[in-house]
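Going by the order they are written in, the chains are A, B, C and D; count residues from 1 in each one.
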Amino acid sequence: MEVTLLVEATENAFRILGDARKHAEGIIDSALELTSEETRHHEAKRIQEIFTGAQKRKTAFQNFIGTAVILYAFWVLLSGQFDAFHLTLGAICCIVVAYLYHDLLFANTRVGDMRVVAWRFITYIPWLMVQILMSNLHVASLVLRRKMPINPQVLTFKTKLETDISCVALANSITLTPGTITMDIRDGVFYVHALSKKVADELQTGAMEDRVAHIFMEADHLYVQDVLDAANIYAALRT
Amino acid sequence: MIRESQDVIVKTLARLLVPFIVIYALYVVMHGHHSPGGGFQGGVILAASFVLLAISQGLDKIRQRLSEKTAGILSSLGVLIYAGIGLLCLLLGGKYLDYGKLSKLLPVEPAQARSLGILGVEIGVALAVMAVMCLIVFTIFSFDEDSGGDE
Amino acid sequence: MNIFFLIIGMGMCALVLLCLYRVTFGPNVLNRAAGLSAVGTKTLIILLLMGVIYDRVEMFVDISMVYALLNFLGTLVLAKYIKQSGEVECQL
Amino acid sequence: MSVINIIAGLFVLAGFFFFFTATLGLLRLPDFYTRLHATGKGDTLAVLYSLIGLAIYHGFNITSAKILFIAVFMFLAQPTATHAISRAAFGCGFLPWKPEEGVEE
């Protein structure tokens, strides 16, 4: 009799504990949702500010000056002669070309902080190099075998990238990573030719897309980052 | 007729590469006396930059930058520069295209005047070659102006 | 070192010949375009190796830069032409 | 035969090896898209390695900077050219090759 009472009491206690835990988890969930929503809103507003400021600041004249400076650096690299005559000739050429083509080099740049983008892009290059090396070893191992185990297929996925330049970076990265080439981009849908099922599944997890979005400071990467942070906190709380 | 490309990648790459190609072409023209190249090669590379723009942005936008009338005027201007420098040397008492005589007009040594004269002639040749190449390419690209393509 | 570069250059010429098989007997124009692009990149390296062997790199580097540019442009124009004309002969 | 020469030679040799595999892929793979896999990736990396090797061999001056600029240009241009050809083929309705036995999807 006492034993059954004891068992009942312990079961009750466990149930109450479980309810309390569920309740606590629900509170934590809603709190996380709220904070992530708020930070996302805040970040979006800040980035919007940066964008509008950049749009205002980037007038045609600034484009002209930037183009001329970059082209002059390129001219000095090409020329390799540092006497006054050739430097003046280069300056005249660069000013003329920058006047004619000032709308090409900096068209629709909507990213705000160019330094951050440049730094992130430079840190992206070594990873890409490793990927290219792996893809070449993949092709080599494929080609040097007598019977080639390939099963080509076309896969499509919808991208969330918005600017042209990040689409180009993603497409060229896909072309250079193992087993995939970009065949077409139509209205934000990528058509990718993959050599095997494994590579296709790897691509569809979207890790590379997040990486590229992180580089070019697209708005969506904040959401992804929030989810990752929340997952970490959640795992820490669970254990 | 060549229309605007729907491809984001080609459009963006062309936009980024064209100013550098033009600068490279001008380098080839200007450094003709101590590197391979000169007027003709530089003009061809300039025309190549226009071809790259034409296949990425369509022929209509290129006509806003360089219309066929302007190309015709530029080709004549190039020939005029070439012949004018030659005739100037003739008037100054030398032979045709004898650049050393240009030192009478310019405040420099005859050797340097020779280099400057070659530079002027190369600019003329580059202008003429670029304009004529662009005219040929535009004519080829606009062969079926009325019938619609698929892009 | 020159002997090494000469051997590499000769090997590269052999690779160009192998690529020319694809250019000549390719089943359709797309395969030929891919083969031509491959031949162009190999020619670029051969030009630079010639420059190293003749000790005139500063001259050959300009030529190979023009070659890279024209190879890229030629491939793009060919692709555009195929896309606009829209005809590929056989499916393989 | 200094250390610089050996490093440059190794780079050029690696470039030659990847050129070789790219060419072999161009000859052996079964259809157009898979051949583009070989040339698009292989030529990019091979050109990169060969040019880095030649730049190291030539030493630190303005000519090797130009050689590295060619490498950057090829790094941008080669995937774009590959994409342009494959896009032309895809736009013409050119279907990818399937192996005979495993026809899923």
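Note that in this section contacts are C-beta pairs under 8 Å (C-beta built on N, C-alpha and C of every residue); 3 or more make two chains touch, one makes a residue touch a chain.
Predicted model, so just to flag it, every value in this text is computed and none were measured.
Comparing chain pairs B-D and A-B by the number of C-beta pairs in contact, the larger count belongs to A-B. Inter-chain spacing, taken between the CA centroids of chain A and chain C, is 33 Å. Remark: chain A and chain B have CA centroids separated by 40 Å (rounded to whole angstrom). If you average the CA atoms of chain B and of chain C, the two centres end up 26 Å from each other.
In chain A, the residues that touch at least two other chains are 78, 171-172, 182. Residue positions 22, 31, 36, 63, 66, 69, 73, 76-77, 80, 82-84, 87, 89, 91, 97 of chain D are each in touch with at least two other chains.
The residues of chain B that reach two or more other chains are 7, 9-10, 13, 16, 24, 150, listed in rising order. Taken as a contact graph, the chains fit none of the simple arrangements: neither line, ring, star nor complete graph.
The touching residues of chain B, when paired with chain D in their complex, are 7, 9-10, 13, 16-17, 150.
Residue ranges on chain C touching chain B, taken from their complex, read 58-59, 62-63, 65-66, 69-70, 73, 76-77, 80, 83-84, 86. The touching residues of chain C, counted against chain D in their complex, run 1, 4-5, 8, 11-12, 15, 18-19, 21-22, 28, 30-31, 33-35, 37-38, 41-42, 44-45, 48-49, 52, 57-58, 61-62, 64-65, 68-69, 71-72, 75-76, 78-80, 82-83, 86-88, 91-92.
Every residue of chain B that touches chain C in the complex is listed here, in rising order: 2-3, 5, 10, 21, 24, 28, 35-37, 41, 45, 48, 51-52, 55, 149-151.
Interface of chain D with chain C (complex): residues 1, 5, 9, 12-13, 15-16, 19-20, 22-23, 26-27, 31-32, 35-36, 39, 43, 46-47, 50-51, 54, 57-58, 63, 66-67, 69-70, 73-74, 77-78, 80-82, 84-85, 87-89, 91-92, 94-95, 97.
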